[in-house]
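Consider the two complexes below, in which chain A is the common component and chain B and chain C are the respective partners.
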Partner chain A sequence: MAENITITVDGRTVDVPSGTLIIEAARKLGIEIPTFCYDDRLRPVGACRMCLVEVEKMPKLIASCATPVAPNMIVHTDSEKVVKARKGVLEFLLINHPLDCPTCDKGGECPLQDNTYTYGPAESRYGENKIRFIEDSKNQKFDDIRLGPEIFLNRNRCIMCFKCVRIVRDLAGEADLGVFQRGSFANINVLEEIELDDEFSGNTVEYCPVGALTSKSFRYKIREWLLKKSPSVCNLCSDGCNMNIEWSRGEVFRHMARRNSGVDDGWLCDRGRYGFDLSRAQDRLVRPHIRRDNKLQACSWDEASALLSKHLQNIIDTNKGSEVAAVGSPILSNEEAFAIRRFFSDVVKSENVDFQTEYPKPIEPELLDLIGLDGSIKDLESDSTFVFIGCDPAVEHPVVSLRIRKAVSTYKAKAVFISSHDKKLGYFPITNIRIPFSAEAAAVNYLVSRISGKTTGDMADFKIDPDGLNRLADNLKNAGRIHIIAGREFFNHPDRAALLVGLIKLKKSTGAKLSILPPQGNFIGVSRFGLFPSLGHSFENMLERIESGEIKTMFVFGANPIDEYPDRKYIHDVLKNLEFLVVVSPFANATASLASVVLPQAMLPDYGGTFLNIEHRAQKFTPMTENPHSDVKPAWAILGELSSLLDMGNIWYSDSQVRKVMIDTIKEIEGLDNLPDNGVVIRFPAKDGYDPGDVSLAEPETPGIDYPYIMNWTPSAHHHGWITEKSDNLMRISGKQIAWMHPDDAAREEISDGQVLRIGTAETALNLPVIITTGVNKGEILIVNSFSANPVNRLLKKGRPTTFVSVRKS
Partner chain B sequence: MGTTVNKLLSEKSIKELNRLKGLYPVRKSVVLMVLHVIYDQFGYIQPEALKEAAGIMEIPLIDFHQAASFYTMFPREAVGKYHIQVCRTLSCELRGSQELVAFLKEKLEIDMGGITSDSMFSLTEVECLGSCGTAPMMQINDTYYENLTRARVEQILDDLRSKSGNG
Partner chain C sequence: MWRDLKSVFWAIPKGLSITFRYLFRKSVTQQYPKNKPVLEDRYRGLHYLTRYDDNSERCVCCGLCAAACPVDCIYMEPAETEDGIRYAKIYEINELRCIFCGMCEEACPEEAIFLGHEFEFAAYERDDFIYTKEMLLANYDNIEKERVAKNIKPLIRKERQEFKTPAAPLGH
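Presenting the complex of A and B:
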């Protein structure tokens, strides 16, 4: 343990662990030292000199952000010398600064403005011409250069604090941004042909201490002091990053980080940050619609509710609850999930409730206890070996992956990916162990046998090259804190049962932590608070019973099965059998277009509630207090009103009131009542010792001659699920859908990089541009992104675990 | 992702890069040495060759560009077979470097920073080359030419031209 050191700052003493920076010691006393380049989460660089302090017995002033404390230091942060030095530093920083605050976006929230106002000289003595970077373009001159689809840079405002570069390089591990030239000409830039578009690029704008970096989606739109802030929680993945929704007159202008050191540590990924325009997307539903003359037509809530209550009254009166099904989604809040379960079991008397529209098979109930992060998000930084199986943290958990990047880059942890295609954590060193598509279960079982010294089965059947696995097995035998993490591909896995058995055995034989992480928003919350299906009532079962005519009415809340279910044609045909389909959704979508009634659902900035993230942390989000969409409602409000129309009580009028009922019902969640700003981690008692028994491995399928390639697909860091494509921002930043193909296959098919491929099954095809890369296996095609205009699930077929396709130039 | 094909780098350069690769405990420290390799082969920092080198060294390309732009002595565009750098700092200036520059421009029919149409000569001004005692002076490739006069400059150009003309 590091011992403590006592120092004196401005006449007061403080005790801090050795290694603490002077600036942090002062902070502990509540003494704020002004800074520009310092950020406690980034490596100190001592670039701006704003934080100079006087230390007795030291001849010169020193940078408090880059100097650790030493025993008996006596520090002055406000002496005459310091005051004078600060003035000098600011005068220098302003020499080439354009002082264009009136037209600068940062005005009002600018550390340079604030520090100059507080500590700076009132006047400049510099009479010479300022250096100005100007970009010539089509006979116009611009101060701003475009770094990427979202980020612009005005180099004249830049004070060279290197925060942006450190964020891009040290935090994200991307090589996009750099410092060029030197002295007064030193400037930040990207290389030609390079775009600053990594999944964390927006953080550079938020943390730039001047108005040098701006976001296309925000610049020149509004002044900071006109914005109101609603504390909220992102639900575009299950990390649950805290953020402020910043809005004015009911319009959201941006999302900014709201630092929760246990969760996001003040970072947001670009999906969460720039997805702020979702609430006013073109496809946003803001009014109820009823099908009349075979067309969906806008109507009033009164009309829609009257129709629904009449329909339900009939069902209740005739005791036909089992003919009704309800499908939720991980975009719902805990309160919505709870209300849906309550309404359908108590009012409609139906057990048909689920939310798993994305997976071919429902999740085993025992699995519920295993889902979520083993340990806390913060703990990830101190794990020493990560083994990812069917999980791509950079895509599925962007901000949480920053902890893993830190473990790898700073604490030299190892990250190993077992996968059919290459994955990465920026440019930080990782190991990809490549296996054929869906051979995860076989690979894990092989690892287990190898580690426990049992004879390993023959891997030739599974076409696995055992070298990488052998090395990993040997390393795991004497590795420190091992963390096995499974994700999206685990849930989608055709042989999930066998993979789970393998993972549990691997955990036992290595003493590892095991985390099974669903990537979608509030997956854990909705499954804990009501939407997890009881046996025989999963979405899968519902579909069968729709086909057989037993289920005639379906309510869909926030889900979009047509775009989500892994067989588009099948789900479409099944849903068409319904007599009455009600779709409650924030957006128009393919499923809503089949509905009899469509209801506009409240989404993030419209309502309040709670989510659970991957570490089971319950966190509260709050609405804007002015909202132009007066007709949108959360599921609990819709069901509350219906229930009152049906004379059944159960009237929910606020999220906190739903929460009260929840707390009365589920005792582990008392904490939900009065959530602190940083949330509360809820501990659900686990039924431990879950032993799934032994399962034999499914034989891999071999392709035929006509359809020789195996098709796999993955979402990307900017797009996950069907919702993100509704965001113009996200589509602009990264709206491309591409296919990866191995160079050998490309050569055989005479296909060159960038050509459009026709990827087809016997029934249908998708046309996509190709990237030729060794990052994918020979004989496999990997599609990146699925959009409703060109959906991957058109190629998928129910009951067919492997999709074989043909490929040719289109 | 895909491997880059080395088209521009000579075998000698590639060999040198591979030798340098294992030499530094902090991998990035090799950046300047790599720039020298490129400079030696091309006389300037040839961008496509630099890409190839970055691939071999497994260091992000941007690191090389950052370093190259920090130093003024790595030309970033193609220079002539004879790259003329005239000192323009105080001693040389006082001893008439500006006249020499004007003469060079006239004689070579190029502007400052330019290159002759036969790619034989290119012209730049640089800061003090530490040869103030023999001002005015210029450096052509790796050679210093000192105590210059118009006549001497003319002579030097002619010599270089005929030398190269004779192969």
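Presenting the complex of A and C:
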């Protein structure tokens, strides 16, 4: 294997493994070699020639970013020849560069500026006219072209380092960007009618070494040196990517990656990057509201908390704690989750605490140990076969999917998707095994019996075509390092118990790793730190008790059950029965419109705390120190204030204080105090030996004549859950809500591509434009969810994650 | 004792001799506001923002003047026109805070901001000393009118510098 090689750089020796590039060896010694096109995560191309160094016994200068070390190499990075060469390279790079630094957004953080200042010539000797790419012949001042909804490109500033092309091609696996023309006329562009809008397009802007690529949301907004940085963690999915929130004068301007090689490796997806405008969205709640004369009216915190404490005092005095319920959500921090559980069990004396408002059935307590990533995120790169069941990593876990993309593209791993509609990982080769909707449990059981050599049941009942599964089973028998990943569709699965049994059997029979990944932000954190319901107190039970009048008061923290719970009419009617509904939410939403009291909740970056990501890594996020919204509070601050008004004493002043109480209470967790910048993976003591036993498969449902199509829904890559709809940036990228259907169905219904359809039942329906594709099954309608104009849960009935619908032209 | 007395009485004519000497010289006191002072060319007074000859603003709101300003009296917010041109949506100078050091004109890469000769801009309200972009451009227009009337050579080149090159061959 790799043995160490000793080389000399500028008179100092260094030991590096063979295959290391010279530039990396020099960095190890602390010698910085200037470069534009090199990035240690991308394949080197040696395009910019800025990193030229002199190697003894080599006739010419060589590019240190593309040359691996050799034994006894003697490298000079600062010799006369190198200095002169750098000057020359910079002079050439600047020949066609417009030098419009005052207008350029990169000014102040531009490697071209910095390197020219440090190494370059002060003046150019070039007297000819510069080449200019004019985009619009009528308006000769505007040189920027629009590549996608967020990205603009100014080709005059480009120095052809190919970083953006490599990010899009090698990392994301998209074929959007390319190089056209040759020589001085070479330029980056997209093909006609193609838009650069993949999940990772924002990274091209961040890593562009000049101001050629700019993003619409940051363009011409503020200068870089005026921005202050708050280290934070994204909570728009459960990956927990590290980022810096960059803000000035209380306004957030952008999110930039903060590299944590264990989690995100310096990449951010567009959802996390461009969701920065959420905290200043139009719908943001910034003041408490009380219902007076059947209308919500703004009031002060004193009024609101006096009303709440009076109400709670009554409940406590009459010992009616069980009449109170609290509902959290996965957007809460660990501290908030802990404080909610503590407040309601100790002060109010109520057991009714849950956070799963969007699942038809509550999650089994035994499942808690299985939720999360098996192994670390970094380990994903070394797995050789991925089997995805009900999981779309590109949408649910974009940055973690980069590791899977790397495993597939670089290490030739196999990725197999078992699902009712096609999924993709960029253009990287994957296998889609299509099964009918909700037949995952049957398919997994079939795989298990095939692998263990037992007789396989009849698949005709489930209408599964066994060819693909047979091939997969044969492959799995011989494959090493298998990783089975279940995701969002697992949690929504109608036959979840049977699917879980199948997955555990599959794990045992193949020796695979099994990960069940929740897609929502801090799902694991809130369930581990207090919000996981005790038996008989799940959200479903609460709703039943509200119906029967046992629960009269409900607190909702950051959740929006009306938009999320899979039966809109039912939940609306149930919540109306409540005598007292308190909604603590960062945004005005459908649930808040029913409330008696609405309190403004803090969200990123208004407060500090910790999140737990899918590999149980606790990571700290910090607030910005100037905040124009002085009235927003995190849940622990609200509850702390209430408990002091109830004469119970306030123990929650700051997130670190809550964390301290949390550490003292939950003894078995270690490492939460003194969190380092890149977080700590927390080991929870696992209750092993969970054997769910045998569960028989549910009978497949057959559609009726009136409603021949089964409805399925999916989130979109840039928009997931009710919160991201509040972001103008993300709405601009994600576009309109659409539905997909199979060409055969479309032909039967005489529907053409793009037509607006009425999808639904006799009582209620959604009106959506349809796209005809073979990517979905026959007899299935796939709908993008989470748009409040056409919420999918309007069609659903309680306890069932899907429904049969009819389709007609509207 | 005698010596002390001598110094006391001698001091009076000695001091008055200076007074009488200056009485017959040319006066240095300027009779402001009746007579206006003569300002040097490099006098630094009220700011102005310049324009190109097509009447468009030179300022692109790069923020370098604000960065160079030692007392932080310049505030600006950039924006983008429909044509994609960067301009200053807000450009304000707090003239009360300004120390007229001239660092802003030194820093400006677009030759957009200069310190003029105007120093008489007293007002009754503190708010009146916050000069907006429109006021600063109006200052320039006044100065420019005067310059044209007096037929003085302009300080800066007035035409916009453009790429004059033929465009690169386009098409994929």
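The rule we apply is simple: the second predicted complex is superposed on the first by the 799 of 810 C-alpha atoms of A that agree within 3 Å, B and C clash if a C-alpha of one lies under 4 Å from a C-alpha of the other, contacts with A are read in each partner's own complex, and residues count from 1 in each chain.
Simple rule for what comes next: a contact is a pair of C-beta atoms (placed from the backbone, for glycine too) under 8 Å apart; a residue touches a chain by one contact, two chains touch by 3 or more.
Keep in mind it's a predicted model, so treat the numbers as computed, not measured.
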- Task: Look at A:743 in the shared chain and tell me whether it touches chain B only, chain C only, both, or neither; answer first, second, both or neither.
- Result: first
- Return the chain, chain B or chain C, that is in touch with more residues of chain A. C
- Query: Touching A:180, do we find chain B (first), chain C (second), both, or neither?
  - Reply: both
- Task: Mind working out whether A:103 is in touch with chain B, chain C, both or neither, as first, second, both or neither?
- Result: second
- Message: Let me test your reading of the model: by the given contact rule, A:221 touches which partner, first (chain B), second (chain C), both or neither?
- Response: second
- Looking at the overlay, what does A:282 touch: chain B (first), chain C (second), both, or neither? neither
- Query: After lining up the shared chain so the two structures overlap, which partner does A:191 touch, if you call chain B first and chain C second: first, second, both or neither?
  - Reply: both
- Query: For chain A, which residues lie in the overlap of the chain B contacts and the chain C contacts?
  - Reply: 180-181, 191
- Task: Spell out the part of chain C that touches chain A in their complex, as residue ranges.
- Result: 60-64, 67, 77-80, 83-86, 109-110, 162-170, 172
- Message: If we count contacts the way the header does, which residues on chain B are in touch with chain A in the complex?
- Response: 1-3, 60-63, 65-66, 69-70
- The answer for chain A against chain B in the complex is residues 175-182, 190-191, 194, 422, 427, 743, 772-775
- Of chain A, residues touching chain C in the complex: 98, 101-103, 107, 129-134, 137, 139-144, 180-181, 184-185, 187, 189, 191-192, 219-223, 225-226
